[in-house]
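Shared chain: chain A. Partners: chain B in the first complex, chain C in the second.
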Partner chain A sequence: MSIEIKTTEYVLKIVCFAIKGRLDAFEAPALRKRCDDFLAEGTAHFVFDLSEVTMLDSAGLAVLVSALKRSRMASGDVRLVWPREEIASRILKLTKFDQVFTSIDSSEIVPKGF
Partner chain B sequence: MNADLTVNADFEQLRSPADTLRKLCNQSGVPERIQGEVELVLQELLTNLVEHAYENNPNGVIKIHFEVDSTNISIQSEDAGLEAAFNLDEVKMPDPLSLAEGGYGMAIIKSLMDDVSYRRLNGTNIWKLKKHYK
Partner chain C sequence: MKIAIVSTHPPGKGSLTEYGYHFIRFLRTKTENVSEIILLLDELPAGEKYEFGQEPGQVPVSVHVCWKFGAMNNALRIRQTVLETKPDVVLFNIQFASFAGGKVAATLGLLAPWLVRSSGFKTAVLLHNIMETVNLKQAGFGGNPVIETVIRLFGNMVTRFILQANLVAVTIPKYVEILEAKYHANNVLLAPHGSFEETNREMPSAVPAGPPNIMTFGKFGTYKKVEVLVEAFERLLPDHPTAKLVIAGTDNPNVKGYLDGIRDKYARVPNITFTGYVSEEQVPIIFGDSWVVVFPYTSTTGSSGVLHQAGGYGKPVVLPRLGDLEQLVIEEGYEGEFFEPESPESLAEAICRVIDHPERMMEMGSVNFMAATGLPITEVVDWYLIHFEQLLKK
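Entry: the complex of A and B
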C-alpha cells in the first residue's frame, strides 16, 4: 500500500512600496489610497521601504499604522525597511513604533522577512 | 536671525516655512540633528492648524515667526481658526500597541521642544515653541 501524499501549494502575495522623498501630510493620502486599493483586493502583506524617505511626519506614520492594523486584521503583516535619514527615523523612535514594526534590511530580501 | 512669513492652511504650502527655518538654522550653525527635530515640530504644528484649527479650509491664514540664534530656536504661529480643543498639559504620546492612527502630533512637539505654550487672544490662536540647543 503506497503512502498518501496531500500537497497544498500556498502562494503569498507581498506588495512592496518603495518611497522616495517626503512622506508627510501632503503626500500621505496618495500612499494611503494605493495601500487601500491592495487591501480591498485581498492583499494582506506589505513592505514599506522607507530607506529613501527624507522626512516622515505623523500623517505619514498614520498611513503605516493603518496598514499594519488592517493587514493584521486580514491575517497579514507589515515590514519596514528603516529610513536612512535620522529625521525620518526620529518619529518612529519617539512614538516607540520602532518596537512595534518589524524591520528588514532591504526590500530586495522581502520573502525572507515573512 | 528672524523671519516672518504667511501661508494658507494648505498642505502644499507648508514646505516653504520648513525651507525658511532650515536656512535660518544653517546660518546660525544649528546642528543637523536639531534642525531635523525642529523641522518635524514645525510640520506637526502646521499640520495640526490645517486639520483642526481650519478644518482643511485652504483659505485659512497662518502667520509664522522664527527666531534662531546661537542657543535657541523659537517658532511662533498665529491663526484665526477654531480654538484648540485639548488641554496641552494632558497631552501624552499614545500607547503604540493601541495602533492609534492619530494623536501623535502635539505629543511629538512637546517631547522635542523645551517650552510649548498656547493661548487664545481675541479670536486668535497663538502658539509659542522654544528649543534650547546649546
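Entry: the complex of A and C
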C-alpha cells in the first residue's frame, strides 16, 4: 500500500517598502503610487520599513492609513518597522497609530526558520 | 458601523458648519465601513430645514434635530436621542462655544460627551480648540480678570469631562501634548484638519487675471477682526490703486452688526467688497479669484479651516505671528508670509511681499497646494474610522 501524500503550498506575498529620507507631502505621492500598483495586482500584505525615515508628516501618514484600509479590505494587513528618528516616531505616537498598526523589527520582515 | 455625529450643518450658520458639512459629505462615501449615519443637529431658524438626498453609493442618513444653540438642556436631549437611535459610536464635532454663547449653557452642553459615554456608548470628540490656548477676551468671553479666572476653572473642569470620552481628537500636535501633560490623558490623539476640497483640482497655472485681489474669509468680530486689514489695505492703495479687498463672510453669531460697523467706520476706503454669507457654490469663485488670502486674527481658537481651503486652491497666505497658526503652518507643510498682529504697517508689507512678486506668489501657492491636497478630509475620515474600529474591538 502506497503512502498518502497531502501537499499544501503556502504562498504569502509580502511587499516591503524601505523608505529613506523625508516622507512628506512632496514625496508621499510616489509611495502611494507604488503601493496602489501592488494593491491593484492583488498584493494585500505590506511592510513599511520607516527605520530610515527622517521626517514623517500627515501626508505621509495618509499613505500608511490608505494602505492599511485597502489591505484590510483585501484580508491583508500592514506592519511598520518603527522609525529611529524621534521627529518621525513622534507623529505616530501623537496620532495613536502606534495602537493601530502592528510594529515589527526589520529582522522579522521575512519569516524566520528557513 | 452605525455612527452618530453631533454637529452643526448648513444651512445652519453656527460654528463648525463647514467642517461638519465636509466631514459628513465624505463619511457618506464610506459604504464599506459605515452602514448608517445618524445626524444629531441643532435647531434651525423658522423656515429653514436640513436637506439630505440619497444617491446610489451613499451611506443613508437620518436627521434628528435635538439641540439648540443657547439652550440649557442640550446634553440631556442629545443623550436621549442617542438612547433612542442606538449608534455604535457617537462623534462630537465641537469647540468650547458650540452649544451656547453664554457660559452656563455652553458648559452644560459640553457635558454631553460624558453623559453619552456614561450611558454605555462609545464616544469620540473632535475638539477644535482647547481652553488652554484660547484668548477668552478676544474669543468673545470674559471681560474682566475675575470672570476670566472663573471661566478658566470651569474650562478645566469641562475639559476633564470631555476627556471622559473614549477618544478625544485634536487638530494640532501641541494640543495633544498640553492635554497629556496637564490632565494625564492617554486617550487624546492628533487628527489633522484635512483639506475640504476635491483632490482632482489642479494647481492654478497663473495668477488670476485682473487687479490684485486680497481676500479674507470667515465669521468676523471676535478673534477675526478686519480693522487692521482694512488699514493695511488703505496703506497699500497709493502704490496699488486698482487693488481690491474682499471681506468674505458674515458676523460671528456672538458679535452681530460687527461688519456693518466696519463698513461705516471705513466708508472712506474704496475698493472694498463685503460679500455677506458665502454659499458652498460661491466658495470656489471667491478663492479662485483671490491673489492672496489674509488671516486677520488676533488670537486663534484652533486649526484654521480657511488655511486648508486656501491651500486647496493653491493660494499664498498672510498670517499673524501667533503661536497656533505659525506652528500649524510649519508642522503641516504650509508656507506663509507673517505679520505682527495689530500692526497695519507690518500687514501691508507682508501683503506686498506676496502680490508684488508673482513668482513668489506661485511658489507659495504651490507649496500650500501640496500641503492641503496631501491630506484631503476624505482620508482624515478614514483615520477616524480606523480608530473607531479599534475602539469597537475593545
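Here is the rule we use: the second predicted complex is superposed on the first by the 101 of 114 C-alpha atoms of A that agree within 3 Å, B and C clash if a C-alpha of one lies under 4 Å from a C-alpha of the other, contacts with A are read in each partner's own complex, and residues count from 1 in each chain.
Methods note: contacts are C-beta pairs under 8 Å (C-beta built on N, C-alpha and C of every residue); 3 or more make two chains touch, one makes a residue touch a chain.
If you're wondering where the values come from, they're calculated on a predicted model, not measured in any experiment.
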item: Room on chain A for both chain B and chain C (clash or fit); value: clash
item: First, second, both or neither for A:V65, with chain B first and chain C second; value: both
item: Broader residue contact with chain A after superposition on the shared chain, chain B or chain C; value: B
item: Partner chain(s) touched by A:E86 [first = chain B, second = chain C, both, neither]; value: first
item: First (chain B), second (chain C), both or neither touched by A:D24; value: both
item: Chain B versus chain C as contact partner of A:M55, first or second or both or neither; value: first
item: Partner chain in contact with A:M73 - chain B first, chain C second, else both or neither; value: second
item: Touching partner for A:L94 - first (chain B), second (chain C), both, neither; value: both
item: Clash-bearing segment of chain C relative to chain B, given 26-34, 170-178 or 278-286; value: 170-178
item: Set intersection of chain A contacts, chain C complex versus chain B complex; value: 24-26, 57-59, 62, 65-66, 68-69, 90-91, 94-96, 99-100
item: Sites on chain B touched by chain A in the complex; value: 11-12, 14-15, 32-33, 36-37, 39-40, 43-44, 47, 50-51, 93-94, 96-97, 99-102, 104-105, 107-108, 111-112
item: Residues of chain A touching chain B in the complex; value: 22, 24-26, 55, 57-59, 61-62, 65-66, 68-69, 85-87, 90-91, 94-97, 99-100
item: Chain A contact footprint on chain C (complex, rising order); value: 32, 173, 176-177, 189-192, 331-333, 370-371, 373-375, 379, 382-383, 385-387, 390
item: Chain C-touching residues of chain A, taken from the complex the two chains share; value: 24-26, 28, 57-59, 62, 65-66, 68-69, 73, 90-91, 94-96, 99-100
